[in-house]
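Order of writing sets the labels: A, B and C. Residues in every chain begin at 1.
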Amino acid sequence: MSEHSEVTERQLRILEALLFASAEPLAASQMATYLGEGANANELLKTLQQRYARRGVNLVRRGEKWAFRTAEDLGFLLRREEQETRPLSRAALETLSIIAYHQPATRAEIEEVRGVATGKGTIDLLMEAGWVRMRGRRRTPGRPVTYGTTDAFLDHFGLESLSDLPGLEELKGAGLLSGRLPPSMQIPLPFYGALREDEDPLDPDDTDD
Amino acid sequence: MSEHSEVTERQLRILEALLFASAEPLAASQMATYLGEGANANELLKTLQQRYARRGVNLVRRGEKWAFRTAEDLGFLLRREEQETRPLSRAALETLSIIAYHQPATRAEIEEVRGVATGKGTIDLLMEAGWVRMRGRRRTPGRPVTYGTTDAFLDHFGLESLSDLPGLEELKGAGLLSGRLPPSMQIPLPFYGALREDEDPLDPDDTDD
Amino acid sequence: MTDTQTDWFDTPAPPAADDVMYVDVGGYEGPLDLLLDLARRQKVDLAAISVLALAEQYLAFIDTVREKRIEVAADYLVMAAWLAYLKSRLMVPKAPSDDEPSGEMLAAMLQFRLKRLEAMRHTANQLMNRPRLGYQVYARGMPEPIEIARKSLWEASLYDLLKTYSNQRERGSITEYTPLQRTVWSLQDARDILQRLIGESFDWVPMDTYLAEYLTIPTERATVRASSFASSLELVRQGKIDLRQTETFGPLFMRRRRTETP
């Protein structure tokens, strides 16, 4: 390789790395400072564009700026472009964690642990996410609906079964729970059978109420 | 171009697109669904890795997953002037190192190496960073929880697998990864598999008290 | 990190707030850390280090610290006791009937632990000086959302879940928690009561008999016994009472000591 093309190759590598890592499209002038004296950024970018023309990602020009983009003919891979993953709200996360540990749990039981009322929207959201399901009805006055987690819940959180949820000692050992808890404090063992003896099956037309 | 290589090229383009689009490493199995029947994702990925070996962006392996990352030698150019958001304490760094080299390691083992109790929040912090996870339980009295590193740990520190841990061979040779006095014959290696024969899966009910 | 050559352990950082309870001797993280520092000052390979000299340095160091009336954590004192024992084992030749480990073996064990700790520090340093993601190596800056396998709309990690659950339970339990009110006999109280009960009795009487009426309350039993026993030792030291126990776990007898003057 001639000395000239070795320099060029290095400059192309630098452009590749810059464009790849940048959080926004870059102008040739912004990148020129990284290339050293006398480099023609625009020429180099055109060379790079040609090299990637037939690849799965292309170098595209947007106005005066450049960026890597998935090749248009592979756009079918970008099926969920519009969907953004958002972090679960604190209320939802709290509710979910209580359902996970205390299942089968009624809404009143969730509220008792949380210490605040749980909006209907929160449980709805968790059911929509596919992580929580109605299990049945508790055999107590009012026959409240009991909630539990789904297989999708296990899948998302990388658990093989509910028994993989760490217990009191693990939570303490990992520093998640402090050591100065009342000795009476217990962490329930989640129930993961079909229905517990105090549960009735849901009616066919049951909806959350 | 022969029909065969045309198919291969298209598969390579799909892999490029998928891997370029994702910020997180992807498993071959995750990508295979996009390649069509009979495609050998692992072979294709190795071809792709070779193609990018001398580019400004490289295809790297992180545990069982793959990702495009900027070339290491260009780091000095790309370095952003950002400070570590929350520099790790010495205790946390040592703990991380001990877990990485001695995994699966229990808290007592970590404390034995450091000669000091692990402050609350140290393992917690490493788990929060996503570098450390609970693996299972050691089959010894008290069934203590064992800790190990995650794929994100490999990704963060640029390691293909745990056998790439710096100085691992020397430490093994010097018997320093053994819990016993040298020259002990038994030299445990960092264990990355699902569970070792002396580990049980996590189970909340047996240490709850 | 802006400097890849940074040695993370060059200057021990001030201890983090949650580690304070373990660090009270000049910023050392426990006795092993202190020993390693002393060993390094011998400026030789850890394998060639004089464990005897090291033990002496450590003991001298702890002495100085205690002279300055700096509170030393129990860990350091345990290590000091162990090193004193090691020193004696190294200096006294091993008797044939001796079942205990030889001084050499103990010294080798200490050396091994020091080497292992140093190795782990070194590897931690090596790890931090690697080209790390987000510092020298970068991921795609503009990831394009692609559906890979089944990705949920909502993101939460197992850690988030466990942390949230723990926080709630902790919050809940602490509001309900009222510390147990324990009755504790102070040593002074125990001493006064004991002296009053023994009075002028020169007969051997079991301690539990004296304390019978106090021992009926289950929650106070332990403190009554412990404080009375500790006080009785003090009274013996002062020459005020005699103490006798004929067998292990047997009753403790006490009586007023006869003074020389009849």
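One rule holds in what follows: a contact is a pair of C-beta atoms (placed from the backbone, for glycine too) under 8 Å apart; a residue touches a chain by one contact, two chains touch by 3 or more.
Note that the structure is predicted; figures quoted are calculated from it, not measured.
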Least hop count linking subunit A to subunit B through chains in contact: 1
Core chain by centroid distance, with centroids computed from Cα atoms only: B
Selected interface, A-C versus B-C, where C-beta contact pairs are more numerous: B-C
Centroid comparison with subunit A (C-alpha atoms), farthest chain: C
For subunit A paired with subunit B, centre-to-centre distance based on mean C-alpha positions, whole Å: 19
Distance from subunit C to subunit B - Cα centre to Cα centre, in angstrom: 34
Interchain centroid distance [CA atoms averaged], subunit A/subunit C, Å: 42
Touching two or more other chains - residues of subunit C: 138-140, 144-146, 157, 163
Residues of subunit B whose C-beta touches two or more other chains: 17-18, 20-21, 68, 70, 78, 120-122, 127
Sites on subunit B touched by subunit A in the complex: 9, 12-18, 20-21, 34, 54-57, 68, 70-71, 74, 77-78, 107, 120-125, 127, 134, 144-145, 201-209
Touching residues on subunit B, where the partner in the complex is subunit C: 17-18, 20-24, 26, 30-31, 33, 67-70, 72, 75-76, 78-79, 81, 83-84, 89-91, 93-94, 96-98, 100-101, 113-117, 119-122, 127-128, 130, 155-159, 165-167, 171, 174, 176, 181-182
Partner subunit A, residues of subunit C touching it in the complex: 138-142, 144-147, 150-158, 160-166, 168-177
Subunit B-touching residues of subunit C, taken from the complex the two chains share: 1-2, 8-9, 12-13, 15-16, 18-19, 21-22, 29-33, 75, 105, 108-109, 112-113, 115-117, 119-124, 126-128, 130-140, 143-146, 148-149, 157, 159, 163
In the complex, subunit A residues that touch subunit B: 9, 12-18, 20-21, 34, 54-57, 68, 70-71, 74, 77-78, 160, 163-170, 173-176, 178-179, 186-187, 189-190
